[in-house]
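Presented below are the structures under discussion, each in the form of structure tokens.
Below, chain A partners chain B and then partners chain C, in two separate complexes.
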Partner chain A sequence: MSSVKHGLGASAVPRWLHPLAWWAWALGLAVVVSRTTNPLLIGLVVAVAGWVVARRRPDAPWARSYAVFLKLGLVVIAIRVAFTVVLGSGFGSTVLVTLPSLPLPGWAAGVSLGGPVTAEELLLAVYQGMVLAALLACVGAANSLASPARLLASVPAALYEVGVAVVVAMTFAPQLVQDVGRVRTARRLRGRPDTGLKALAGSVMPVLEGALERAVDLAAAMDSRGYGRVGPMSTALRRTSGGLLLLGMLGICAGVYALVDSGTPGGIALPLLATGVAAATVGVLLSGRRSIRTRYRPDPWALPEWIVAGTGVLAAAVAIAVSATDPAALVGQVSPPAWPQLPLLPAAAVLLAALPGVVAPLPPGMMSTRGTAPAAGRRAPEEVAA
Partner chain B sequence: MIRFDDVTVTYDGAAAPVLSHVDLHVPEGELVLVVGRTGSGKSTLLRCVNGLVPHFTGGTLRGRVTVAGRDTRTHPPRELADVVGVVPQDPLSGFVTDLVEDELAYGMESIGLAPDVMRRRVEETLDLLGLADLRHRPLLSLSGGQRQRVAIGAVLTTHPQVLVLDEPTSALDPGAAEEVLAALQRLVHDLGVTVLLAEHRLERVVQYADRVVVVPGAGEPLVVGTPAEVMAHAPVAPPVVELGRLAGWSPLPLSVRDARRAAGPLRERLEPLAHDAALRARSSMHVVDGEPAVVVEDAVVRHGGVVALRGATVAADRGEIVAVMGRNGAGKSTLLGSLVGLHTPSSGSATVCGVPASGLRGRDLVSRVGLVPQEPTDLLVADRVADELASADRDAGAAPGSSRTILDSLAPGIHDDIHPRDLSEGQRLALALAVVLASDPPVLLLDEPTRGLDYAAKKRLVATLRRLAEQGRCVVLATHDVELAAEVATRVVVLADGEVVADGPATEVVVGSPMFAPQVSKVLAPQPWLTVAEVAAALAAS
Partner chain C sequence: MRMRTRSGRTAAAAAVLPGVPAAALLVLVVLGALLAAVVAAPPADATTYRYWTYWWGQPSGGWSFASAGPGSDRPKDQSVLGWRFAVTTEAGGRKQPRTSGSWSAHCTDAAADGMVRVAVVVDYGTTGDAPPGERPPGGGTVRVECVTVPAGSNGYAVLKAAGVSVRARGDGLVCGIDGYPRTECAAAVADPKPAPTRTSASPKPTRTTGAGSAATTTPTPDRSSQAARPSSPAASAASPTTASASASGAASQPVTGGSPTSAAAPSSAGSDDEAPLPVSSGAPVGAAPQDPGSPMGFGIGAVLLVLAGGAAWWSSRRRAS
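So, the complex of A and B:
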């Protein structure tokens, strides 16, 4: 493993970073967010994730979803605040404005419409909305940094076919959006309304028909290209793996039931569950041996992957540790409203998670040293435009 | 290499077999062209080769199909993936991954080749098809020709001995089609791959074929022969062949090059007639005076960050047929879209009959302008032809039965109870046209109308368009089909990168253009002839 090939930063050979590394990093940041309501820390996480995305995002269709996740986050905050204003919680004393309140019938006791809006509840709503928005931003970052197809390509052989199904489903979503656009266009060309409920109802069938046709085409193409070819497998091995899978599933079901049902003796649930999981895992691995698939240029797990995943895990670990020892530092104070303080240790850990923006190799096709992101890659094909 | 022994295919629920008693033998290294009308069983024949029929589609196959010694009876498609590569009609529908390089490797991963073999073959294939610059590109960002080449490359990496392609160039502009055909040519000549190819656009491919298989449909026996043999008796043939028949050349030329070498005497005979003929052919235009029906002025249209039209100016009068040409992505569809208000110019204007198109909705829109999109099926929503026509009458506020009358004049004999999806491409186009014409719009726009049409259907379309123009309609069509443009257009507008680069009578714009000249014009250049009909009329008159 030469140092140049799997080296660090923009000078390294451009390659795809292992998708699991990006996900570990992003989920680490998400853990930090889930442990805090401190707006400064949340803001820092979003800023760090955004900076890394800006530095290492490839020029590919899946990478363009980041902005959508951010917008979705803003919508979440807006909804959370709107609910607080309308429904109220009666918490806090600093009344900002009093809305006309609506008396509700007796069965809706405990819910009030309108009434006083306090600074405390508003602040709390904003902070809680920010947590959700930041979680979305983290998922969006991982989603745009790591290709979903590459992520699923790294699942074990036995689960591979499931992975393909998921990838296909994911490519279908954007195509479905395109289809909806096409059908709406056609409605308009025929002089029918292209917006509103009726138009939506009218476009369901054509869109589904189109999706079904494409699914059949794709299935034919995959079949022709050798999808699902299997190697020989001895009967004994097949029976063993099948039996293990069945046993494992039964064990998992029983274990979960025992966990939920309070009447079952407590000691039995966890061992049952663990045995079930173990049996199922062995079954999956065994049946995976039947697959003859090989992998083309699997993504290596080298130093950059360790660093990227490590910074995420470290940030999460620090946040968990701090929340156990000094929970107050991570809480955004709302009652009485106060300017939040940035907790130093978690903030430092989050800042460290910006390191991937420097150490991760550039994705192929994006040479920042020459400053030429392939503009042609952004050219929309005419079909899309039409 | 491929052998059909007395093959009869009947789909479930069908009354008659699609193919009956087919015997065909394709030896190694041949490029065989399969022609036939839509619905004649051409695609069924192709899909038999790798066992998709009947393993995937269902139905019954009697007889035996063997490929490289493997019987498709015992080998389902996935077990034939290493001997037969199938490239679907729409390459995008067959892509499984999202990057060029991964797509090339997918087939090899499935059959379990060793990593170093895969690596080597991917590089070889990238070179073979000229894809090296695109290796890291997402598939969705590729142009039509590039996608088609990636789709071919993706099946080539498993080193199949047989390649099966279903209309590989029908959606491509002339340049991209050349790209794909050159790649195929190389495979046949250098690697000895056996190629089975279905295509409607004979003028593009017939010169490369070693043999032609005609699938007449309705269970009739196949006609197999060398291209010259088959073309000599074909009811419809590419213009270069028709010109050869007219001039009585023997052997019959199949390529522009052959025809040009034989055309010396004909050019001499036509020389004194050329001037008059060009004038006469174009004087049959029925331009209606008055304000132009369609005006696009200095329009700029953006899709996101992409500028699709950058200051294009085009106008068209009633009675004119204007062909808008240019490579894929040049802005043709956007230009048409801006005329029905699908895209609003961020500067400049697009007006139909004096009204800005962007504000038009509902009946205001359909009574002024009608657009038949690239996929005519998009316009069709009902389950039966009769329902479709009735709803078209309602949308247009026309008397019941008026669109039926129009349909019967365009394509007689389409039954009320058929599902629009079961119609042939030509009939479907006619139905979409009837739907659009129900509200009698003075402006008719067509986006790539000849896609998937065979020669007979194309001839009917030409006649239809001429008649519509004579009725005083303004017809604008966006097309890659140079022969269609030569046949009907009174004016040709060439777009490149969102700008108008040429605008003038077809004879001036098209003659001498290497990309947009029709075959007759290439053969008889520098004389301004565009179609065989023109030449025939001039010869008859002299």
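So, the complex of A and C:
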């Protein structure tokens, strides 16, 4: 046996990394983005996520969504800027151009059409658009890296029905992307235009229909394999677990509300939240006992998973800590406009989150980027290691 | 028989389950905690903030708290826009600019067609309200500027015309005026008390000498300063420095505990120096210049960003080929 079973990096046996590890990593980066408006830091997050996706995404069709999410992000920025130019926010004092202003009736007091466009509000619009775009990019990265079917397999049994719905919904987006490509190729082959408004009108229906059909197919396939079947369970146990779940969710909702609302006495929030989480966890574990299915080759949670999830969580923790102690470092200063500086500590944490691009094992079926040894095709790691 | 196979299967499932869901649950819990931390970002208990409050002057000379921000505010002719830096609770006790809110008290500009005459009043607040390590600029004066701006200009434009430099947050909240405070923006003050205790740092030495060895010599200057202080400023209550000194002194030394001001002072410590201040014009000498950030630092960051982006681009190209 030349390579380690759960080893690190491209030399390890190719295997699927646990999907929750990728999601934890991506959500950690999303937390970083949500805490800052510094364009340098946001750009760094997008670049790091893109690098990891480029190195570790599988060749599966659903793995091509990162570029699409990036383009979607550019559209978001453009829309944000356009709205600022048209509607204006009255923010800033460095007037670039003054658009013809439209008088509005008295009831629309807070809104103005046209008028002066300031450098500050444009910069602000770009920064805030970048935050949204980067959040999209983080979700896109997780979509590209984590297999949706494997994500479903790791959902706790109690949340199974919810998990199925979520996975069907999540496969819809990447398959939409795939279908767009398919329909466009078909149109090109038939000599019809594949760009422009007319092509869009002609391909919307087949694309939506195809994606929906596949999602329904997936649901049917899962149903035929016995997903969602429940085993016998005593009424008392069922009621207990259901009650605990409900109580837990209520506790979590109330706890989060108490945390957000500054009027609530501070001592209540955290205990409420902790109780809610504990009750929900016990409920999930209890109702998990009625699930009679076994897991076929469960994804292991080994060292690479710890590193991948850990770098994401660490980046998020650093960003939260810095925003609590030195909030100015994470703010992209727009009024007066200033050169954004890269905050050292969060930037280092984000760069560290590029580590999964090196330490994560290659997904099965992907050619090694170094070209040393071709990966082991579609065969499962167990067979290779044996 | 059927029962046995079923129980065997559940046992197998239970044997498999602990490994994966434990890790998965752990990740879920960590993510949940992170999300909670994200949501809970603003300090939950703090209802007191240290920020620039915005006021509209009244022709009578008084002030009213502005009901619109400077972005949507379109001042009329002969109006006064007042700014006061203060530790302010939502529940009242808002501190107004310490000069007249009447336009004619400050300005004498002649009316012009299509223009409005506006007075800008900037009160940098008290040392007690200053952020740690900073002092309000202006040297105990209120900055007043008289400007004439085109009708329909908003509050930001008026500030710019008056030559007042403003640092604002993305949502339009004014964070700093004339470089004060340097970096913070509407910092939450969890407990309003830190402000008085900070000022009590200076009188502390006199208290320790008073409470300490030479009880016969030091009480005299201590008491004399206490007696002199309340009468010197026009304010009704004692200034916070003497108030906190006497309050803490009263605890250790019964001699100074007799004055009724020491008992009343801590509660009214905020309304101390609300007396009108002299007026000055132009940027204050103590004002720190706005830091535009160094293009160098931005350049280094941008290079790093381009390198990371280039690496991502190169990797994806290589995959595609």
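Methods note: the second predicted complex is superposed on the first by the 237 of 386 C-alpha atoms of A that agree within 3 Å, B and C clash if a C-alpha of one lies under 4 Å from a C-alpha of the other, contacts with A are read in each partner's own complex, and residues count from 1 in each chain.
The rule is simple: a contact is a pair of C-beta atoms (placed from the backbone, for glycine too) under 8 Å apart; a residue touches a chain by one contact, two chains touch by 3 or more.
Quick caveat, the model's predicted, so the values are computed rather than measured.
Peer 1: A:91 contacts which: chain B (first), chain C (second), both, neither?
Peer 2: Second partner only.
Peer 1: Between chain B and chain C, which one contacts more residues of chain A in the superposed model?
Peer 2: So, of the two partners, C touches more residues of chain A.
Peer 1: Between chain B (first) and chain C (second), which, if any, makes contact with A:71: first, second, both or neither?
Peer 2: A:71: touches no partner chain.
Peer 1: Kindly classify A:190 by the partners it touches after superposition: chain B alone (first), chain C alone (second), both, or neither?
Peer 2: A:190 sits against chain B, while chain C stays out of touch.
Peer 1: With the two structures laid over each other on chain A, which partner does A:331 touch: chain B (first), chain C (second), both, or neither?
Peer 2: It touches chain C, and chain B stays clear.
Peer 1: Now for A:224: first (chain B), second (chain C), both, or neither, which partner does it touch?
Peer 2: First partner only.
Peer 1: Report for A:202: first if it touches chain B alone, second if chain C alone, otherwise both or neither.
Peer 2: first
Peer 1: Output check: A:164 vs chain B and chain C. Expected answer is one of first, second, both, neither. What do you get?
Peer 2: In the superposition, A:164 touches chain B alone.
Peer 1: Residue by residue on chain A, keep only those touching chain B in one complex and chain C in the other, then list them.
Peer 2: Residues 231, 292-295, which sit in both footprints.
Peer 1: Within their complex, state which residues of chain A touch chain B.
Peer 2: Residues 59-62, 147, 149-150, 153, 164, 167-168, 171, 182-183, 185-186, 188-193, 202, 205-206, 214, 217-229, 231, 292-297, 363-365, 374, 376-386.
Peer 1: Can you tell me which positions in chain B touch chain A when the two form their complex?
Peer 2: Residues in contact with chain A: 50, 52, 55-56, 76-82, 84-86, 88, 90, 93-99, 101-102, 105-115, 118-119, 122, 135-138, 140-144, 154-155, 158, 303-306, 308, 328-334, 337, 340-342, 361-363, 365-366, 370-371, 373-375, 378-379, 381, 392, 395-396, 435-436, 439, 447.
Peer 1: Spell out the residues on chain A that touch chain C in their complex, using ranges where they run on.
Peer 2: My answer: residues 18, 20-21, 23-24, 27-28, 31, 34-35, 37, 40, 43-44, 46-48, 50-51, 53-55, 57, 89-93, 110, 120, 124, 127-128, 154-157, 231, 252, 255-256, 258-262, 264, 266, 269, 273, 277, 281, 284, 288-289, 291-295, 298-301, 305, 309, 313, 316-317, 320, 323-324, 327-328, 331-342, 347, 351, 354, 369.
Peer 1: Okay, in this complex, where on chain C does chain A touch?
Peer 2: 6, 9-10, 12-13, 16-17, 19-21, 23-25, 27-32, 34-42, 44-47, 71-72, 154, 156-157, 159-160, 165-170, 172, 183-185, 290-295, 297-298, 300-302, 304-305, 308-309, 311-313, 315-316, 318-319
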